[in-house]
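What follows are several structures.
Presented sequentially are two complexes of chain A, the first with chain B as partner and the second with chain C.
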Partner chain A sequence: MSSNTTTLPRDGIARRLWQLAKDLLRLFVMLATTFLGLLAITFFIGRVVPIDPVLAIVGERATQEQYEAARHALGLDRPLIVQFLIYVKDAATGNFGTSLLTAKPVLEDIGRVFPATLELATLATILGVLLGVPTGVIAATRPGTLTDQIIRILGLVGYSMPVFWLGLMGLLIFYGELGWVGGPGRLDTFQEMMFESEVPRHTGMILIDSALAGAWDIFRNALSHIVLPAGVLAYYSMAYISRMTRSFMMNELSQEYVTTARVKGLPEWRVVWVHALGNTLVPLITVIALSYANLLEGSVLTETVFAWPGLGLYITNALMSADMAAVMGGTIIVGAAFILLNMASDILYRLIDPRARAAA
Partner chain B sequence: MFHERLRGVAAALALGLGLGLGTIPAMAGTPDNVLVIADKIDDIVSLDPAESFEFSGNDMLNNIYDTLVELDPNNLGPLVPGLAESWSVADDGKTYTFVMRKGVKFHSGNPVTAEDAAWSLQRAVKLNKTPSFILTQFGFTPENVDQRIRAEGDKVIITTDKKYAPSFFYYCLTAVVASIVDKKEALAHEQNGDMGYGWLKTHSAGSGAYSLKLYKPSDSYILEANKSYWRGAPAMEKVFVRHVAEPATQRLLLEKGDVDIARKLTPVDIEGVKGNSDIKVRDEVRGRIMYIALNKKVAPLNNPKVIEAIKYLIDYDGMANSFLKGAYVVHQAFLPKGFLGAIDDRPYKLDIEKARALLKEAGVGPFKVRIFVRNDQQRLEMAQSLQNTFAKAGIEVELRVGTGKEILGQYRARKHEIYLGAWGPDYPDPHTNASTFAWNPDNSDEAKLTGILAWRNAWPAKETTPLVEAAVVERDTDKRRAMYEKIQRIHQKVSPFAEMFQAIEQVAMRRNVEGFVAGGSIHSAFYWTVKKN
Partner chain C sequence: MSGPFLTPLGRLSAWLTDPNPSSRLQARLGQAWLTWLRFSRNPLAMIGLGIILALVLMALFAPLLAPHDPLEQDLTRRLLPPLTPGHWLGTDEFGRDILSRIVHGSRITLTIVALVAVTAPVFGLLVGTVSGYFGGWVDAVLMRLTDIFLAFPRLILALALVAALGPGIENAILAIALTAWPPYARVARAETLTVRSADYIAAIRLAGASHGRIILGHVTPMCLPSVIIRVTLDMAGVILTAAGLGFLGLGAQPPLPEWGLMISSGRKFLFDQWWVATMPGLAIFIVSLGFNLLGDGLRDVLDPRSTSR
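Right after this comes the complex of A and B.
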């Protein structure tokens, strides 16, 4: 690797602090603008769609009077711009309003549904990486061989198969026929009632909370329920990660340093798994982070098939019922997840890539 | 070389998963004292009985709250005592007296008193939420209700504004909006004079067979048995209702025995489980009527001959015997089977020639029309069938598809042309549908009677409005029945409505489940009657 180390300015701590402050300020302004943009777009799209949120509450039979009363209570009779400013002000203080459907603060709702999605997405991403990276590397080291073709077809199938269908088939086979895994939902009925009454809530993720409480029956039951949906989602992200790994690796393996390493007599596994793979990590991290962020949005179809009460279902339900407070709250959480993951992968680059470290 | 490492990774993975899965206890079926139901419950808006007006919410509240008079789950129709052990109406025909049952307690332990009953009814009127009209149609207003509904000792005295058919009044008191709420408990959670409304939206304070233990919106709820229920403790100690949106998933859960009852299976799934000896299917007619309505503001839909022609352009039997099989049966009147005065007349069938002749008589050439329909598989299939048959008589149909709320908004604003949709009764008396399909006191735009179907379609209903008003005050039940039969026959002839189908619900359940009642055409589900063998 190149060794053009930049010289850090040595003229005093003040200057470095100033630099840090400027960086932080820039980050903050960037975050604030992104969020404001996100708020504005969701808000105005929410108001443009030809759906009437008032009808969602009062129902079909309501008289005009009851309709007007509900409209006023929601503040929908005020000018649009005033509604938006109120919304921004509330959002800034962490108040995303009350969901029409659940009659609870949106933040509380999201606190309930997001852990379910987080748990599923995290497990799926871990599985996807554990399977996707090695298969991608193997495919890249033997391009054109049968192994490569098999991996490619597996990936293609994973990529093009509807998650919905895959999930139902998985349920039919592994739950319905073989009985190897738990069914739809996060827990069996009995275990769910135990969980609700016995286990203190720390994260909302059943695997973690039950492990913390030492409730291993519930842990095992939760694991048996999550394996299938996580597996389905993992297959999908594996296909993507594997394909990307293969193409990054093909690129690296054609580089001169690889030839050099081989000429030097390094064992092949070291060349492939350490030298070449090491250099694909930066773009790979972006790919993984993006795939993770996609799963965090909540896969509506997977959540529907598996009766998984996560964020995707929540936002979709809210949208269908014109529950705009919930839609906007959910969108902002998803947006925040994207932004945070972007930042995290940015930080990871710096740790991994000396060039990026130096440029900063 | 590196495959060895890979093999290591794979083995570790397999081991990890295996460890997790290998030790799962095989749980066969649900516990004997717990009833587990797979349903769709994302329609629930509020758990306050003064506001709840959705199917799933009413199913829940029917098991949490009692009303003064109730319906017998085993014989839906006649009234049975609820929290009132007896009731009577004075000679003036306007003053009703209910004598409260003694010794009944709310879930909180507070005794159920006449004061609780009077306050609950007053509260529903004062909160003025959507279902409040079921009570306010008897002349109660937030201002007068404290005088018109009052407690005297162990009696509740109610005075209506004029004479009505007593059965009409009693049936309205069986609706969820007339549930008796624990006054003390509700007021303990009152905020800004809301009579506990904010709290009751997600909590319960009743005297019924169950209390609400846990509620996770659009996810699940758990009810816990009231051991000292005045009818006797229910057999199921807990009722667990899970929201499972996908019918195929519901079916799997039922087949595996992880739920006892699946309520939202498609007709295809029902056929599929019928061969399974562990599962049985119960059919119940429900109150929902599927109909099309023609907006009289739109030419040529305002022409009586055109209206009649369209009624002959619907393939009633074709739809009922194909894609609606198991979900709907043909029904051409606005009162569902099971209601007082319901008729089974079927004056219309698909008859293209007759329709063409009628259109010719009307002097109307081929024309275009839009059918407004919400984005729902079954309804779209119906709309497509209509599109198909209408075309045979030269009527070109364009489907205007949108979300439920969007289409409903246009319908309420009289901006539709033909509306395809459903209507369910609000309380078990014929007036509930008569007063919306066949009654329109003011057809002007300014009247904004948006809740009334006749108004939405700009139909003045001159032929039936006086008859509806007479029927609702008729005190002789036989005469009253005859009046509703007559109203429906007129309605079939002259109204811009073509009622097509009545819903049936096919509830699939494990063979050991006994006594589940979905509520028939007039009521909500009963869980407290369920036993497992």
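Right after this comes the complex of A and C.
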């Protein structure tokens, strides 16, 4: 590739390809070191656990030989660095050990519970975007007015409320008092039985699977259960997205092209919602990806409150019973999802924004 | 310059706003006074400051303010509703006065906030200033480390740490502090990079100051305003994380009147005795709103880059 950098016509393409390859390599190295760091942290946390893993297996009354044999079988007599390399190899091949609680491989457990979390976080993000972007735009077009202040305070209130408490209050009012929504869990008992027996599993997300099977009773029931936890999570994502949208829009609206558009007589709604908003889409994607990643984490407390059988509830249940393999497996999966979402938003940003491409 | 007709307060104000201060102290106090004037014009920030001051006073005088002993049980008076004479916010499942528990709980909340606020930013400042000052491979290694911690979801990391160390309020504080430092390191590094090549740093170096002296005495003070704003804005998050750990049973242990723990025990009676879980949640909400309002206001005043109005 570098040989034809002297011939002018190909120069642009070759250099861009070379640049792309270098970027991808750098991204890969960064991804790899971040993952290694993640594993180093969980490995370290696993090492400081005051529970002796050997004793947990052989019991208090084991002889010295039995103890040593078990220690050898677990690989705990090897040097730390070797133990860490084995740990990395296991994690890379998806071997997170066996859960004490379910007696199944941790990865299998996570595969089973993850769709519930994904369904919740996705719906919450969609709601958060639908509410957050318009309120942010409206606030930016009327800075300093009462509308702007109300939107700002709504956001601050969102930032200040404990998510588990908001969930409990939602249950108290909309489920306990008003009876508008379904209670904890993903379905009522009867619909759950129907879902288990009648509906073929494609995605593990009840809303999608039941819609595909045309089981609208189950769909409606699932919707009545998900709307409250998704709404609670959406409030947080709305607060964040709305604040960021406002600041991006303030920035765009002060640009000269906005003045030009106004001067040539475009209607104001077109200037704001098409021209200015269009230019904020790129940074907004980053914000939305970040808020999606945060929701995966926020689901730990929300799922506990709503008895929502997802990854968050799995981790907290494992915590309660000192099931460290499951806790660490869940932690690594959430951490990995978090890292990948961050990276994905970064790549998208470079692909979409011509300025970032030019700067690279 | 102080005219004879001014009241003592007026004279103080004139001294503070004197355009030609005669001492370094006067200049500094004058600057602080002007900052305060700008800050006090922001009503939301003043509300935030009021809430935080009220919290501090409540924690200081908790035994005087609380009508009952927060741990005293009285099973004949259990689960009384709010507005019962003597128990204005009601009682919990052991007949303990909820108002007294919330008042005493402010001490726990404030302890957590204070301990995190004096550890995490200090560590972050150290990492950030060293990283920015030395540059090169020191910078590369320290910033990679910071990025790794930043990439990790904070609550999950705190959960895993507490799970490993064992539940308890000390471990909860440690876990929160260990997950809170990376943003400070980022902020401090950015500030350090802007002053590193300044003339005054070169002058001190030529005068023979050691690296440690330059970093501690001449670089760190420049980073403080941005770090302080971050600390204030972060404290709301610290309170929410601590409450979340308490709610999951990983933070403070019973019978301590920690607010998150109180919500967790009130959860069992949510539909019949709503107040047991509701009241401590309101306390958490008000206090973290206070920190958010204060941080927002501070950012508007102290941070010249912010253009929020």
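Here, the second predicted complex is superposed on the first by the 284 of 360 C-alpha atoms of A that agree within 3 Å, B and C clash if a C-alpha of one lies under 4 Å from a C-alpha of the other, contacts with A are read in each partner's own complex, and residues count from 1 in each chain.
The rule is short, and it goes like this: a contact is a pair of C-beta atoms (placed from the backbone, for glycine too) under 8 Å apart; a residue touches a chain by one contact, two chains touch by 3 or more.
If you're wondering where the values come from, they're calculated on a predicted model, not measured in any experiment.
Asker: Using the superposition on chain A described above, determine whether A:E268 touches chain B (first), chain C (second), both, or neither.
Answerer: So A:E268 only meets chain B here.
Asker: Figure out whether A:W165 sits in contact with chain B (first) or chain C (second), or with both, or with neither.
Answerer: Touch status of A:W165: second partner only.
Asker: Tell me the contact category for A:L38 with respect to chain B and chain C: first, second, both or neither.
Answerer: second
Asker: Give one of first, second, both or neither to describe whether A:A62 is in contact with chain B, with chain C, with both, or with none.
Answerer: In the superposition, A:A62 touches chain B alone.
Asker: In the overlaid three-chain picture, which partner chain does A:T304 touch, first (chain B) or second (chain C), both, or neither?
Answerer: It touches chain B and chain C both.
Asker: After superposing on the shared chain, does chain C or chain B touch more chain A residues?
Answerer: More residues of chain A are touched by B.
Asker: Go through the superposed model and pick first if A:M320 touches only chain B, second if only chain C, both, or neither.
Answerer: Both chain B and chain C are touched by A:M320.
Asker: Quick one: is A:G176 in contact with chain B, with chain C, with both, or with neither? Answer first, second, both or neither.
Answerer: both
Asker: Which of the two partners, first being chain B and second being chain C, lies in contact with A:S224: first, second, both, or neither?
Answerer: After superposing on A, A:S224 lies in contact with chain B but is clear of chain C.
Asker: On chain A, what residues does chain B touch that chain C touches as well?
Answerer: In chain A, residues 50, 168, 171-172, 176, 304-305, 320, 322 are touched by chain B and also by chain C.
Asker: Once bound in the complex, which stretches of chain A touch chain B?
Answerer: 50-53, 55-67, 69, 99-104, 109, 112, 130-131, 134, 138, 168, 171-172, 175-176, 179-185, 188-190, 192-193, 196, 217, 220-221, 223-224, 227, 267-269, 272-273, 304-307, 309, 313-314, 317, 320-322
Asker: Which stretch or stretches of chain C touch chain A in the complex?
Answerer: It comes out as residues 44, 144-145, 147-149, 151-157, 159-161, 163-166, 236, 240, 243-244, 247-250, 260, 263, 267, 270-271, 274, 277-278, 281, 284-285, 288-289, 291-293, 296, 307-309.
Asker: Hey, which residues of chain A end up touching chain C in the complex?
Answerer: These residues of chain A touch chain C: 33-34, 37-38, 41-42, 45-46, 48-50, 143-144, 153, 156-157, 159-165, 168-169, 171-172, 176, 247, 250, 293-294, 296-298, 300-301, 304-305, 315-316, 319-320, 322, 324, 327-328, 330-331, 334-335, 338-339, 342.
Asker: Okay, in this complex, where on chain B does chain A touch?
Answerer: Residues of chain B touching chain A: 1-3, 5-6, 9, 13, 17, 20-21, 23-27, 30-31, 34, 36, 42, 44-46, 53-54, 128-131, 133, 198, 201-202, 214, 216-220, 222, 238, 240, 242-246, 248-249, 252-253, 255-256, 258-259, 402-406, 408-409, 412, 426, 448-451.
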